[in-house]
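Encoded as structure tokens, here's the structure I'll be asking about.
Per-chain numbering from 1; labels A, B, C and D assigned in written order.
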Amino acid sequence: MSKRVLMKGNEVIAEAAMRAGCRFYFGYPITPQTEIMHYMALMMNKVGGTFVQAESEVAAINMVYGAAAAGGRVLTSSSSPGISLKQEGISYIAGAELPAVVVNIVRAGPGLGGILPAQGDYFQATKGGGHGDYYNVVIAPASIQELYELTVEAFNIADKYRILVMILGDGTLGQMMEPVSYRDNEPMVIPDKPWAVTGRAGRTEHNTITSIYINPDDLEAKNRELQDKYSVIKKTEVRYEGLNLEDAEIVITAYGTCSRICRNVIRQASEEGIRVGMIRPITLWPFPSEIIAEVAKSEKTKAFLDIELNAGQMVEDVRLAVNGCKPVHFYGRMGGNLPSQKEILDQIRSIHKEVSK
Amino acid sequence: MSKRVLMKGNEVIAEAAMRAGCRFYFGYPITPQTEIMHYMALMMNKVGGTFVQAESEVAAINMVYGAAAAGGRVLTSSSSPGISLKQEGISYIAGAELPAVVVNIVRAGPGLGGILPAQGDYFQATKGGGHGDYYNVVIAPASIQELYELTVEAFNIADKYRILVMILGDGTLGQMMEPVSYRDNEPMVIPDKPWAVTGRAGRTEHNTITSIYINPDDLEAKNRELQDKYSVIKKTEVRYEGLNLEDAEIVITAYGTCSRICRNVIRQASEEGIRVGMIRPITLWPFPSEIIAEVAKSEKTKAFLDIELNAGQMVEDVRLAVNGCKPVHFYGRMGGNLPSQKEILDQIRSIHKEVSK
Amino acid sequence: MSKRVLMKGNEVIAEAAMRAGCRFYFGYPITPQTEIMHYMALMMNKVGGTFVQAESEVAAINMVYGAAAAGGRVLTSSSSPGISLKQEGISYIAGAELPAVVVNIVRAGPGLGGILPAQGDYFQATKGGGHGDYYNVVIAPASIQELYELTVEAFNIADKYRILVMILGDGTLGQMMEPVSYRDNEPMVIPDKPWAVTGRAGRTEHNTITSIYINPDDLEAKNRELQDKYSVIKKTEVRYEGLNLEDAEIVITAYGTCSRICRNVIRQASEEGIRVGMIRPITLWPFPSEIIAEVAKSEKTKAFLDIELNAGQMVEDVRLAVNGCKPVHFYGRMGGNLPSQKEILDQIRSIHKEVSK
Amino acid sequence: MSKRVLMKGNEVIAEAAMRAGCRFYFGYPITPQTEIMHYMALMMNKVGGTFVQAESEVAAINMVYGAAAAGGRVLTSSSSPGISLKQEGISYIAGAELPAVVVNIVRAGPGLGGILPAQGDYFQATKGGGHGDYYNVVIAPASIQELYELTVEAFNIADKYRILVMILGDGTLGQMMEPVSYRDNEPMVIPDKPWAVTGRAGRTEHNTITSIYINPDDLEAKNRELQDKYSVIKKTEVRYEGLNLEDAEIVITAYGTCSRICRNVIRQASEEGIRVGMIRPITLWPFPSEIIAEVAKSEKTKAFLDIELNAGQMVEDVRLAVNGCKPVHFYGRMGGNLPSQKEILDQIRSIHKEVSK
């Protein structure tokens, strides 16, 4: 680690991508992620990369498909409605097994909604979104330093598994400034991509990138390959942060901006004699189900409290992991509003009272 | 009931929509749902309705938004990739609380995939899809007669709750022919829509249809309203079919085309002395969690077996309902392939052996 | 003639189209023609017609193609930049020989320019525009009453020759109010369209509407047919208004809004003893070349003065008609500015001085 | 001159553009110009330039606008229908006075037409096309060597005058192979572009590129500036080739592919004792009116014969230049057909007979 600078979250994402060897950016402007695009417009030029403000979000994601198929490290970014427009392209990228990084600086929905922070796109990012059986790796940084580290990591994971990695942020994270330490020489290991469509390049045949399989057995085989890949990723790439898991009675689950508020509450609860821990998923998919299941089985654990900036989405994955072992409570705010520490503390007190009976 | 005719599933959807008073259709062609569009192109003309083949799926869903805002009964239809393109619009329709019906004749994905039947869009339809916290009512007919009944019902539910209703079918259902009995006079009760943007029309102010709320408190209030509406729908609109639930050891969960195969297997299993029942969700959202939870708690029930034409999607909702009470098994086929009766029977035998230990 | 009402030009175009049996309108909003669209949005609904605000101007003109191919009377309207976007579609309509009416309420260009009146699209309308050898009939009304009469006529000519008719107006004409007398019962004679694609409808084969001809001999034959049609139209459909042609020394050529100013100048010039006449082309294509050539050959005629709201476009057609017989002068204003009567009078005086030498 | 290679016309255009310092290409595929795009896709990558296959022709021309505004040398290419789609953008580029090069490998129209050579887009290229009063410089090469020389020249003229230069070719020229001699070191003089939008870059204010002028006096002033620029170009940049002009009785006017056929006919006519010359416009705009007017006034000249691959377009400019001095005949072929030498010779014989009376 060396260079330490104060930067805005959105700019850190862009800078991290550049350092990770990303040389293609395609996008269409939307608040609150426009700084990523702006930074890329300035910087790509200087490194001989390609920046295109496309005609639309649909155009941009298809350019991502093209540049990824040609072997480049590619980024697009948008915010909620723009990400919805990209769902067809995201499914195509999944089907064609292309590595790409997509940033969603989530805003409050549904529809046009507002531009304030939210986590209402959890389902879209981790399960639904486009059509067909596929998963994106979904990463949820919670600090500016993580935005740097995990953006670099996103490109590495994308290339390692030929998979789309989505970084889920929100306007708070994108607009906040914190110091970030960049490594002097980013140890970039961009792998060979012998599958890329780069002309014949000494091979006897052209490579082909496609997601069409007319024969159902071929398409089923491709789907089985995808599922096998997802199984490997579930085993290898789960990332989470655990706090006080050894002696917590109440375990908070929260990610991103929301987890920053919860972190402070833990201290306050402890001052009142309530032992609160936290599991902060860093990868939302693959989801840290195992650690949650393990903690759920512990006798010390009395209950879970899931906090989100939505009406309750990740809580389903928590419940699936807990699988009926312990009660799972939920508290959420919406519309761009954040829960206050007091609101969360009140939830904890009420749960504590109940489980102490 | 009276007129009984032999018709193709896709045409029945279109005919049912017309009978339900649908006078606006906007779409873009894609296999295997093109017959719906074709039928509408022919028929709308005759009843003074509006049919538009739009420039794209994105254009079509926004036309749906417009016509629904103006108070019309509106339909669009597509197949998986086309539905992905509509996700932004679908989220806007949810945010603006507009009634509309969207048909997805699902094909095998991800990406371009193939055109054969699949159920890989369950997550997209029931949870993810567009951005933000919203739900569509999702209906999964399993016969031609149901295509008629439930399409009519879809328009009624859409208007009753100002919500988007999605009909999930697949190519098998869309292309198959079965007899259908139409009611002589469809008892259409198209409700008044005093909220529609129809000019001032005697009111002192213009109505406004929008999903933008700049103030986070306003947007949160709107989201709470939506969640309240969803709670009512969950209480009132769940539909499912139960088979042999009173004495089944193994309970199959399956919907649509897939449930038709399972139905036959139940008989075969019974001949081998294995008591198999089935819960067939007709509404995928709201999901029949209560009946599943209830059956799960019964002592007779030893295990669940979820069968889908995908890698395992609805099974998550089954697991959430069962909540750890009983084991939940899954068997799926992909790529356009259907499970044979024998494959399912083998699954049942193997589960039966295990639970009989 | 009977009903006499005071109306805005843009609304008169829309009303006239409705009276002419136009039942399809496709467009995209742009100042200063939006009242046409607005009127159509209100009215189409009431007569069971179809109004679509399309995704773009490109979408709209292709919908015009479709509805015209199906035999409808179809209108689209836009202003200069929007008309440029429609050029591909206009060429396709010409190639497929479809009847359609396109209104261009011209604004000052090039590019985004301004929204004030101009005549800078004369070349685009009469010659260039789209690719390939084709002509549109181009009509330039100069009063509100003419907007009515000529819009009706536009639909008749379109159907008679299976040709696109463009109505060129400008913001002055579109926004001004004058009394207009509507005929009680518009004597609509919408011809049979046995070529339309309306399903087989008793014919042994489907009709086909296309502009593709792979074999060059076929395409040349189609082009010869088009040229033959254009020859007939040039002989039959030329419309112009002549003023004082019998004894004018100086003959003004001007059309549309601009001709209204010139008309007043003639009187003023006459008071100074200068005999000025005017040829006002009503059809810009076919152009009234014959009357101009004839007047040019008259001994009384000393010179022509062409006045336009552009840098000199129609003046080329005047020069081609005059063919060197007499001097042809030009005076134009641009950017949304109109020439004053004094400016024109000064031009006349100066020409008069020269020709009187 | 040095490197002499055998290359296809379309590739020569692309190679010439690269040598002229073009580092931005935006396009959308269409026959018969796709080799230009293909070559650019391969080469841009190698020189750190930018190649984008855009979502549509409309997207591509607006990307041209953007890159040109930023000071780059930019190329797009298409064929007739695709060029029609670009007309709005072309007018915007004219209004914003941006340098750019657009290649139109013309195919036979109108509409979809065919893919064989034609010259039916002369009017569109030289007069009409987009809206408003503007001109493009239009260059019509007639050999592979000229494709090289004039493409380089196109970029120089574009930058010199901040104007769009269109290169008009056709499929014959684009697909034919001839030897081409490249200069060893292209003497590139890419001028400074202090007007470009490159960030503030030491200036006190940002540059602005726009074509909007709300105030009519401002817009008229901008239009006068444009017209003044066009006057300078008309004086300075006219290019043509003259053959046997000193003693020709009959003067052919023809450009591009078509002029190659005419060239051979001159020899044949001379063997029959008919003295035929040719004026081959190399710039179609500015048009070589002066030399035509001069030749027309010569006593030796008896008549003009204009030959085009269309229904008669350039012939209007010939007539305007001749201005009634001498008869101007026209002979054209359409649909992708070329006139044979015999056909042209027959025209010459018939004219010769008439003028010899």
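The rule is short, and it goes like this: a contact is a pair of C-beta atoms (placed from the backbone, for glycine too) under 8 Å apart; a residue touches a chain by one contact, two chains touch by 3 or more.
Predicted model, so just to flag it, every value in this text is computed and none were measured.
Enquirer: Going by the touch criterion stated earlier, list every chain that contacts chain C and also contacts chain D.
Expert: Touching chain C and chain D alike: no chains returned.
Enquirer: Could you give the separation in Å between the centres of chain A and chain C, each centre being the mean of its C-alpha atoms?
Expert: Distance between chain centres, rounded to whole Å: 57 Å.
Enquirer: Averaging only over C-alpha atoms, locate the centres of chain B and chain C and give their separation in whole Å.
Expert: 51
Enquirer: Show the residues in chain C shared as contacts by 2 or more other chains, in ascending order.
Expert: 58, in rising order.
Enquirer: Once you draw an edge for every pair of touching chains, what topology comes out, line, ring, star, complete or other?
Expert: ring
Enquirer: In the complex, go through chain B and note every residue touching chain C.
Expert: Per the stated touch rule, the residues are 42, 48, 50, 52-56, 58-59, 62-63, 66, 199.
Enquirer: Show which residues of chain A lie in contact with chain B when the two form their complex.
Expert: Contact set of chain A toward chain B: 58, 80-85, 87-88, 90-96, 106, 108-114, 116, 118, 120-121, 123-134, 210-224, 226-227, 310-311, 313, 316, 319-320, 323-325, 333-337.
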